[in-house]
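Labels run A, B, C and D following the written order; every chain starts at residue 1.
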Amino acid sequence: MLVGARMLALGLLVVCLGILTYMIIVQGERKRKVYSIRRLAAMDACEEAVGRAVEMGRPIHYTPGTAQLTMAEAPQTIAALSILEYVARLAAKYNARIITTSQYPEVYPLCVEVVREAYLSSGKADQFREEDVVYLPQLKAAAGLMQRERVAANFMIGAFWHESLVLAEAGAAAGAINIGGVATMHQLPFMVACCDYCLIGEELFAASAYITKDPVATSTIVGQDYIKAVSLGLIVLGTLLSTVGMPQLWNLFR
Amino acid sequence: MISVEYVLFGLCAVAIWSLLYRENLAYRIAEYFYVGFTAANLLVQAWESALKIAWTPVTKGNHLWILPLILSIPFVLFFHRKTRSLYMIPIAVVVSVGTGLAMRGAIHADIVGQVGASMKSLIQPGPWDNSFNTAVLTIGSFATLSYFLFTKEVKGALSKVPRVGRLFIMAVVGAAYANTGTGRLANYSGILLNLLKTDAVYIAAGALVVIAVDILRRRAKKKP
Amino acid sequence: MARFQLRSVALTITFVLGFLMIVEYFISFKSINDLAANIRDAATVIIGLASIVGVGNITRNHLRNISRRGDNWIPSIIMLVSVWIPLVIGLLGTQNHPIYRYVFVNLFNPVGNAFFAVLGFYILSGAWRAFRVKSLDGTVMVLCAALIFLKNAPVAGYLWSGFNDIGAWIMNVFQAAGYRGIIIGVAIGSITTGLRILLGRETGYLAERRGGQE
Amino acid sequence: MSSGTAISRIDVRYLFLALLIVSAIPIMSPMGLPMVVSPLTKKSFNFIEGLPAGSVVILDAQHSTGYGPELGTQYAAVFKHLLARPLKVVLVAFGAEGPQLYAMTLEGSTISGPPIDPNRYGKKYGTDYVWLGYIPGTVTAFAAFASNSWLTKTDAAGTALEQLPIMQNCKTVKDWALVVSVSGGQFEQMIAQWYSAYKTPIIFGAPGVSAPRLYSYIDAGQLTGMLVSIGGAAEYELLLKGPALAVSLMDVLNLAQILVVVAMIAGNAIHFIGRSKEKK
């Protein structure tokens, strides 16, 4: 009944989920332990970017990427929405205008609610403008929007396809500070090269724990590191064994 | 005889490319049309596939397929303050599918596949560079992955490893930028070819004249 | 609180269906595989019909803009026309209605392709603006990019065949190593965030009220 | 990686103008800059050259018009080669835009080059080549078409497959000598469905974005050959001794890419000169 060729993957998944569940429930929820996370420059830059927008009297643009929620990139969009919450709170706190765009209609209501909640919990419900959360079924078109509104900060965090370069260059042309974050490999070059600050790959998933310093979130990052340590160990062990003529472990993975 | 299709093509291409000069009415009209038509097209396609996937089985007596249609009703109710929160239910279905797919894909294709690819013997048959390349691949993968350790600072002799990992990341950035760039330029040259070699060329020429006049006008305004 | 109960229902659905999608991949048991496939199809239907919200948002925002005579109210009319005329034609007829096809092929496609081709210009401006040899990192990035561009320009390879060899080595070995490391990292991040979502520990997307936390 | 001050004073729009001028010149008067045919393209070409007469080849148009000439020219080049050889060509499309692309290739277009007339190669519809049209379903369709190549029951025009002599020699994947798929994605799935399952040789026409990850399949022998981006198409046109659209666009690409490298160097130079002046 079990699919033979997928047994190794299943085994590893069980190990991963075991480590993570332990970290979430025991370390995070019972012991409420907060771990420190190495610096993520892109997240430190958020406040600066919002401040700049306030100073210049211009709006902020935020987009959580162009993945549909049924796609395998969905976790990236969800991670981006957590960061949106943080940026929207900053905007509410400093009275900056934030324009949020989303390419897919199922992400749009999530953006509306996240931004609304951010304003509500900052005690500024009256300043929330629903028309500033825009459904833009072609996210490329945000290039025009950014130039029209002359945005001062452009956040592009989530999963992206070819739009990433359009948005980054259009942001730069509008004179905005670009803050990117991407885990879709094919867009990594454009984000890293053309943004002032960028979350690279896995950093996107660690960012929300970094900002909230929530025990559950930081504990899972530790769990994540344990899994990485296991992977690194497997690479070393497998390579050593193959080199000395015992490729059994390598064959198992093939 | 002038081809209407190519003239339309010229109008569309010139309107969009004019953004590179500055945001203007022609671009804005093209953008609004593009966004609007996409929104309509998405709904039309969704409607047709909803009829095909869900409604057809219902008419054939498979009544369970009414469920996705019922679960989509909250989208209509989203614009009313009291019923807005109902959107959580369809979103939950959609998110669970995406998340499940992400997790199983990540473990199998990415972790098993890529970790396995980094376990090759460092001594390879053939010329020396085979072994050298395998070593670079293995060391590079190891260093890059260690760059993503977030909670433990690597100390001592290994402290340089994440730093080396960052260099490999920058190699990905540079190489992939260029490689994708070639494709993008090919695409651009295709459009340019269409603009210059068909009746669209009249539109392109007209646009250049308009831009030139605009530049001169702005210069004249600035001077006094 | 109704909203609270709704959230619990939503999180239960996420938990059950999410794990079903994972478990299904590892077992071959026809009724479960079929069920999962059906749920995926159902999710496609639901996600497609979410476009209703999108069309609603566009219509409301632009109607409001027109009635207020706000900025861009004339393009707003174009937006409404571009949404509603194709929508009515498409829903009453099909996507194959001749007018619909004509607009699709002769207006929509060219605009889309021209937009895509703007990337060609941006590749140039990005290279000009962002590729600095300020640090070792920047130098590696610039060198790799320049050498790959030269590898892909045949005339360079014709002048000196070394460009082809170096370019091929960068593509197949140097960047491939980094690529692999990043992929593994992203995969681990996806699994972690995924588990948090399924266990209801990552609910930012459901606009959880976190009180006055700063 | 933020923009420096000296460089931000230079209007980036001059660069855009430079790109337009540099790329317009070779379009108006082709220069025929030299190029070297890569071993990979040569390998694909030679494989088709070496197929015995009468072999059945499946040619799939899975790309979209959005890729423009990058993939359109590959499809045209391979189609011409298959027609020039004594082979049986079964044309299908696993992508929705396939029918449009097929028509554009026959009639000639700005993404595929000059028209292709099979009669000129002495090829007869129904005997030497056939067009089955769009088969929806991607992965499911790959598997279904392999186990039953008569899946569509008729050709695109509605003629029953029984009446087409060519289809008598093409009933399942076992009859195929080669699959050529010009596509923007689904590569791994095609390898799984056709090579892994039946060991059918596959040649891909791939865009520059996807090509890097496919090299490993060639090393592993799971992929027989590949045309990469427009360069692959141009090299193929050279091997066919019939330079067409791709070769002329290569001039543009050559100059445009060198311009990008020049911009990179100039950008750095101006940045550092500007900075040293500021320090003074």
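Basically, contacts are C-beta pairs under 8 Å (C-beta built on N, C-alpha and C of every residue); 3 or more make two chains touch, one makes a residue touch a chain.
Owing to the predicted nature of the structure, the values given are computational and were not obtained by experimental measurement.
Colleague: Using the touch rule from the top, work out which pair, B-C or A-C, shares more C-beta pairs.
Modeller: Pair with the higher count of C-beta contacts: B-C.
Colleague: Of all chains present, which has the mean Cα position farthest from that of chain A?
Modeller: For chain A, the chain whose C-alpha mean is farthest off is D.
Colleague: Need the central chain here, defined by C-alpha centroid distance to the all-chain C-alpha centroid.
Modeller: Located nearest the centre of all protein C-alpha atoms is chain B.
Colleague: Can you compute the centre-to-centre distance for chain B and chain C, using the mean CA position of each chain? Integer Å is fine.
Modeller: Computed value for the inter-centroid distance: 5 Å.
Colleague: At what distance in angstrom does the C-alpha mean of chain D lie from that of chain A?
Modeller: 34
Colleague: From the C-alpha centre of chain A to that of chain C, how far is it in Å?
Modeller: Result: the chain centres lie 13 Å from each other.
Colleague: Could you work out how far the Cα centre of chain B sits from that of chain D, in whole Å?
Modeller: Chain centroid spacing, chain B to chain D, equals 21 Å.
Colleague: In chain B, which residues are in touch with two or more of the other chains?
Modeller: Residues 19-20, 28, 34-35, 38-39, 42, 75, 78, 87, 90-91, 94-95, 97, 99, 101-104, 106-108, 111, 115, 118, 138, 141-142, 145, 148, 169-170, 172-177, 179-182, 184-185, 187-192.
Colleague: Can you list every residue of chain A that touches 2 or more other chains, as numbers and ranges?
Modeller: 6, 9, 13, 16, 68-70, 72, 75, 78, 105-106, 109-110, 113, 135, 137-138, 143, 148, 165, 172, 185-186, 188, 190, 192-194, 200-202, 206, 221, 224, 228, 231
Colleague: On chain C, where are the residues touching two or more other chains?
Modeller: 22, 25-26, 40, 43-44, 46-47, 50-54, 58, 72, 112-113, 115-123, 125-127, 129-131, 138, 141-142, 145-146, 149, 152, 171-172, 175-176, 179, 182-186, 188, 190-191, 194-195, 197, 205-206, in rising order.
Colleague: Could you list, by residue number, the parts of chain B that touch chain C in their complex?
Modeller: Residue positions touching the partner: 5, 8-9, 12-13, 15-17, 19-20, 25, 28-30, 32-50, 53-54, 65, 67-69, 71-72, 75-76, 78-79, 85-97, 99-104, 106-108, 110-111, 114-115, 117-118, 133, 136-145, 147-148, 165-179, 181-182, 184-185, 187-192.
Colleague: Where on chain C does chain B make contact in their complex?
Modeller: So the residues of chain C in touch with chain B come to 2-3, 6-7, 9-11, 13-22, 25-26, 39-56, 58, 60, 72, 75-76, 78-87, 90-91, 94-95, 103-104, 106-108, 110-123, 126-127, 131, 136-138, 140-149, 152, 169-188, 190-191, 194-195, 197-198, 205-206.
Colleague: Over in the complex, which chain B residues touch chain D? Could you list them?
Modeller: Of all residues in chain B, those touching chain D are 20-21, 176, 179-183, 185-194, 196-198.
Colleague: If we count contacts the way the header does, which residues on chain A are in touch with chain B in the complex?
Modeller: Residues 6, 8-9, 12-13, 16, 35-38, 68-75, 78, 105-106, 109-110, 113, 135-138, 141, 143-144, 147-148, 165, 170, 185-186, 188-190, 192-193, 200-203, 206, 218, 221-222, 224-225, 228-229, 231-232, 234-236, 238-239, 241-243, 245, 247, 249-250, 252-254 of chain A touch chain B in their complex.
Colleague: Which chain C residues qualify as touching chain A in the complex?
Modeller: Those in contact with chain A are residues 22, 25-29, 40, 43-44, 46-47, 50-54, 57-58, 61, 64, 72, 112, 115-116, 118-119, 122-123, 125-126, 129-131, 141, 179, 182-186, 188-197, 199, 201-202, 204-214.
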